[in-house]
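Please go over the structures that come below.
In the two complexes that follow, subunit A is the common piece, with subunit B as its partner first and subunit C second.
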Partner chain A sequence: MRRYLLRKLLVYGLTFFVAVTVNWMIPRFMPGDPVSSMIARASVAQPEAVEAMRAHYNSLFGFDRPVFEQYVNFWIALLRGDLGISIWLFPTPVWDVIVRAVPYTIALLLPAILLSWIAGNWFGAFAARRRWLDNTMLPVGYILTATPYMWLAILMAWGLGVVAGIFPVAGGYSFELQPSWSWEFIGDLALHWFLPFASLFIVAFGGWAIGMRNMIIYELEADYANYLAALGAPARLIRRYAFRNAMLPQITGLALQLGTLVAGALVTEVVFSYPGLGHLILKAIQNQDFFLLQGTFLFIVIGVLIANFLIDIVYTVVDPRTRMGLGGAA
Partner chain B sequence: MTLRVTDLKVYYKTLRGEVKALDGVTFELGDAEILGLAGESGCGKSTLGKALIRMDGRMRLRGGGVELDGERLPIDDDAAMNRYRYHRISLIPQYSMSALNPTRRIGRMIRELVESRGVRYADVEEELLRRLKLVGLDPDVLSRYPIELSGGMKQRTVMVISTLLNPSLLIADEVTSALDVSTQKAVAKALAGFRDRGFVKSMIFVTHDISLTYQIADTIMVMYAGKLVEKASASAIVSKPRHPYTQALINSLPEVGVRYTDRRLSGIPGAPPSLLKPPAGCRFRDRCPKAFARCAAEEPPVTEVASGHFVACWKG
Partner chain C sequence: MRRHRWKVLAVSLAACLAAAACSGGSQTPSAPTGSAPASQPAAGGGGASGALPRHETLYTSGTQWGPPSNWNPIREWDFATGTKGLVYETLFLYDPNADQLVPWLAESGTWVEDKVYELKLRQGVTWADGKPFTADDVVFTFELGKMDTVPYSNLWNFLDKAEAVDQHTVRFTFKEANYQQWSIHLYSRAIVPKHIWEGRSEEEVIEGTNENPIGTGPYQYHSHDQDRMVWVKRDGWWATQQLGKDVKPKYIVDIVNSSNEVAMGLLLQGQLDLSNNFLPGIANLVQNKNFGITTFYPEPPYMLSANTAWLVLNTTRKPMDDPAFRKAVAHSIDVKKIVEGVYGNLVRPANPTGLLPQWEKYIDQDVVNRYGFSYDPDKAKKLLADAGYRDRDGDGFVERPDGGKIDLKIIVPAGWTDWMEAIRVISEGAKAVGINLNPEFPDFNALVDARAAGKFDMLINNERQLASTPWHYYDYMYQLPIRKQQNTVNFGRYEDKEAWELVRELDNKKTDDLEGMKQVISRLQERHLRDLPIIPLWYNGLWSQVTSGTWKNWPSSAPNAPKHAPTMWRNWHELGAILMLTELQPAGR
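Presenting the complex of A and B:
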């Protein structure tokens, strides 16, 4: 077990290094120059002042150094916990910008991923043994998973937000409110949270339900289920076994989904102007904010790696067959 | 008399009509008797085995009945049959290698199974350990997962599980077909041992391997195209077969000490008839060397030609 964990940690460490390096490179491949746009924002007319500002910003952000030195400095700063200064929200440190956004993303993603997974699996298993439900659920499930997410999100924002007027369509909370621990603010927060959450939930729910339904039907046809039935074991026991075994691929699916849902959240936060990490990515790209982009990517990488690591551990607990293979070739 | 099967007809529902897989079979199985059920693929032997414990969704009872220890079995009522399963009738399946839930420790699975059948695990635990030891398994298989056992170990574990509640009738469905020849005999002997010790009252040993059946069965019943062809003591079937089909089956077996460079092993030419619309008369007549006019016109009845020797042939 310890060897297994050590090897996993090594793989995750390597992945982290490569991912962060790529994240550092990506913004620098973008066309355009952040310093020029900062100067343009300041709208200074004299050429000498412009030159002085350019030199100041370039040395401040370290752009006057050779690229390799910039890269090494980036790692040194990163290891000290310094993510740099945001260009878009100059001179706020990137760390502060991200810390403000992270709670929104986590509050949106974690419930959406986990609840849709739990509810979808439960519902799929439930539908697998009722013919009428199966016949109606299956087409609806396929439609939901095949729906382009953005289209569904826009439809919901338009239908429930603009036309019905039940939910607000933009922002994390109303502009007229100040963040506080009052019931009014929390209620407002929940109202803004609902549509982005529901759109993520619905799309993922259909996929989980279909996957679980198919797996359960497969497991109920398996030899061990037939054997138990021949020995008169109650359907309850057989279904319990089938459910547990059908969960295994779903757990793997959850791990894979965690990575893609981060990208999904980007679209959600853009459609609903929700102030999370996805929203920051958009703003960072629009403003050529290298440091903010690096920082948000860093958080996403860490999130995906932690999620995968947790799933790895869960998997060895629930499936004895993976435990047997721990000593084998990785 | 443990089991009495009377004119049992079980058909398969298919899109093209009903396949008469088991078409009027009558036989009896005595206490402590091992009946070897032999025949080629599609003769109805597995259908008979399944019909006695659990019909699958496509099987339909179309006549006849089954009595176990003098009690009529509701074989076409899945829910009502549950009372008899495991306690009175049990099964060792063809797929013993995959019959155990891969994600449960074997001991826990057995506990959950017996307790779901209204038996306290503590009451059978001692006997379970004794029987595991008897088939050469260490008690610690109970704390292992099926993946940690070899194929032979899984087979023996399933044998012990299936017979744990001392059923009146055990159906062993092609239990040896997935094993290599050296273990086949050991498994067959172990099953006969179970009968000798009274773990099971009687047994139906379904197989296509007559030579293996001969080693453990008291009686052998040969089936062809859904019908009983011949039933007699094992020695009579092997040494004095009366039905041309049984004779052909026995002739197609290799014999010890005979060199087959001189005489080629004979097979049985032809194939069994379709059971969607089986032909009138004797179903074997197209492949039978002794067939004559009457075989096409009338179906030969099962007659007792000698004590305990039943044959369905006009020339038997």
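Presenting the complex of A and C:
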């Protein structure tokens, strides 16, 4: 067990290192130079002033150092928790920008992932036992999983937001409100949260439901289920066993799907201009803000890795084979 | 049982979200150590809940492309919407309709000698912290320009000194009397309070966020978040007592742009009063009265003109260094097709001189008739043939007189859809007369780099806005010397010493010497049209769509309506947009 976790930790550490390195490299390979565009935006005409500003910004962001040194400095700063200064929102520190956005993304992602997973599994298992439901659910589920988040999100924003006017089309909360602990504000937050959440939930829900339905049908036809049935065990008991076994691949699936879900949430945020990380990534790319891009990716990488790690731990709990098999093999 | 657990989960998540928004959202800039009364106005006049009452709030968008990150009026390119105009004010306003400077913080200004300008300041103006506004503040503000990185540092190339004669008089002594340029400075520079800004280092002045801005204007900081900037009206704005002008909205919420769709959605829902976004196809919505969206003109071009979109040719490259070739290009462009097809008549074609409609009186019609150009493919072909451009290898495109192949690129930033379509039209037109010109869409930053370094063939640019004098445009066209990096002017790197001399001569004309100005401008126009170093295409609009659900009496072309610029764009408040706010009326519904 301990070895298993240690080995996992090592793998995650390596993944983290590689991901962060790639993440550091990518913006630097993009065409163009952020300092130039920063100065161009400032519309400074004086050549001396331009040179002074360029030198100042280059040393401020450390672009005047050799690439390798920049990379080492980046790690040093990172370990100290310093993500640098945003170029786009100069002079706001990247950390401040991200901290404001992260809660929105988490509040969107966590419920969307968990609820869709729970509800999808429950509904899939339920549907597997009723022919009429199965017949209708299967095509609907397939359509839902195949739907791109963005497309569904735009449809919902247009239909329920602009045309019907039930939900707001943009933002984290209404423009007339100030954040406070009032019911009005919390209700407003929830109202703004609903559409982005629903679009994520619906798409993910379809996938889990289909997966679970297939697994249950497979498990119910397995030898142990037939054997139990032959022994005269109640259907309820058999189903419970089947459900437990069907659950395992679904948990693995959750780990695998996390990345996709996060990407989906980012797109959804862009559509609803929901002030989370996805929105920031888009802006960071558009404005060639290396530091903000690095910072947001870093958060996402950490988030996905932690989630995967948690799932690994959960796996050892729900599947005894993991504990025994891995312990014995080594 | 399980269902119950979900409920708990959902509620706790909502709470988490709320907590997040509270902790992260309203980071009120901490007040500097100085005394600053009323820096934290009571949140909202109406409703115990703190919601801004709709009937007292003006919602705007179209200026801010990222979260408000500074309130520094020196950063004229990215300060939070309204920092200059709503909080910090200028000495004069410029009224483009009457073409004159309107006294604002200054009461009057006169040239007492050829090189001495004396400014009388308005009395009884106070800063938001109660301190009086004096000549020292004005001198201090202009002297900030002695720092190299302050955008108006070039002022000190021709300004010798600025001194406070008494509390309300400032005297400027010039090394060279650049009257035209000076008139732009007079209404463009936001005056900052010396007692707060004194002692700030150059870095703080140019890079400081200047949280809790203290100005003389009608509004003060209320709050901000990633997607909005909220201003609240303050008591004691000088113009209310002295000019009887009062800004009507108690709150102004400027919404950060996310996308056209979102702006359009908010506008249709009536949640947005003034949108300064470019919304393609808005003409259809304006014509259908049911949507309740109006623009300055009810018919084409719908918008006032804000700037000229120019086709910039890199005159250091062949064959763009040849006036005959440039003229052929100019004759090959079907601007009408761009105006109608790409913009749906939201813009209007530019005059061959490129001077904005507001400057019509400066256009010398004789010169335009003699040297002007219009869309005429046959003429373009003839111009090419006469200058020796022929198709020698039969590929359908002409070669240079010296036999070199022509393979040119025209660039605009990726994602600027209207411009992307426009350069497709330009490329088609050029190909039709035998010029091999292809559109390309680099990333914006890459384009900026190429533009500054002169590594392009052709591009479109519209960065020079309306100003009090056409000198502003000729400076943009001809400014010399050419530098390693051309960041704001003369991107085409065109060297014409005589023209630049004329521009300087124009600069030395007094602003009330209309005839003298016209004379020089006429010669400049002739030079421009003869050599055509840069080709005017169309007048970009002062994008502005309004809804009248909450506020009415918007500026429009209707007989009794105000005529001020209906915008919140940066650096437009001093072009009269602040007066728009004083003319608004509650719709009373």
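Heads up, the rule we're going with is that the second predicted complex is superposed on the first by the 326 of 330 C-alpha atoms of A that agree within 3 Å, B and C clash if a C-alpha of one lies under 4 Å from a C-alpha of the other, contacts with A are read in each partner's own complex, and residues count from 1 in each chain.
We take it that a residue touches a chain if its C-beta (ideal position, glycine included) is under 8 Å from a C-beta of that chain, and two chains touch if they have at least 3 such contacts.
Fair warning: this is a prediction, and the values are worked out from it, not measured in the lab.
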Once the two structures are overlaid on subunit A, check if subunit B and subunit C clash or fit side by side. fit
Quick check on the superposed pair: does A:Pro34 touch subunit B, subunit C, both, or neither? Answer first, second, both or neither. second
Should A:Leu237 be classified as contacting the first partner (subunit B), the second (subunit C), both, or neither? first
Once the structures are superposed on A, label A:Asp319 by its partner contacts, choosing first (subunit B), second (subunit C), both or neither. first
Would you sort A:Val18 into first (subunit B), second (subunit C), both or neither based on which partner it touches? neither
Comparing subunit C with subunit B, which touches more residues belonging to subunit A? C
Identify the partner contact of A:Val72: answer first if only subunit B is touched, second if only subunit C is, both if each is, neither if none is. neither
Considering only the touch criterion stated at the top, classify A:Tyr227 as touching first (subunit B), second (subunit C), both, or neither. first
Please state the minimum Cα-Cα separation between subunit B and subunit C in the superposed model, rounded to the nearest whole Å. 22
Interface residues of subunit A shared by subunit B and subunit C, listed none
Inside the complex, what are the residues of subunit B that reach subunit A? 53-54, 81-87, 90-91, 93, 95, 98-104, 112-113, 116-117, 145, 147-148, 158, 162
Residue ranges of subunit A touching subunit C (in the complex, touch as defined): 30-34, 36-37, 39-50, 52-53, 56, 86, 88-92, 97, 99-104, 106-107, 110-111, 114-115, 118, 157, 161-162, 165, 169-182, 184-186, 189-190, 193, 273, 275, 279, 283, 286-288
Given the complex, residues on subunit C that touch subunit A span 6, 9-10, 13-27, 43-44, 49-54, 57, 59, 66-67, 69-70, 75-78, 148-149, 151, 153-154, 207-209, 223, 225-228, 253, 255, 258-259, 261-262, 265-266, 268-269, 271, 415, 442-446, 448-449, 451-452, 463, 479, 483-485, 487-489
Within the complex, which stretch of subunit A touches subunit B? 222-224, 226-234, 236-237, 241, 244-245, 248, 318-321, 324
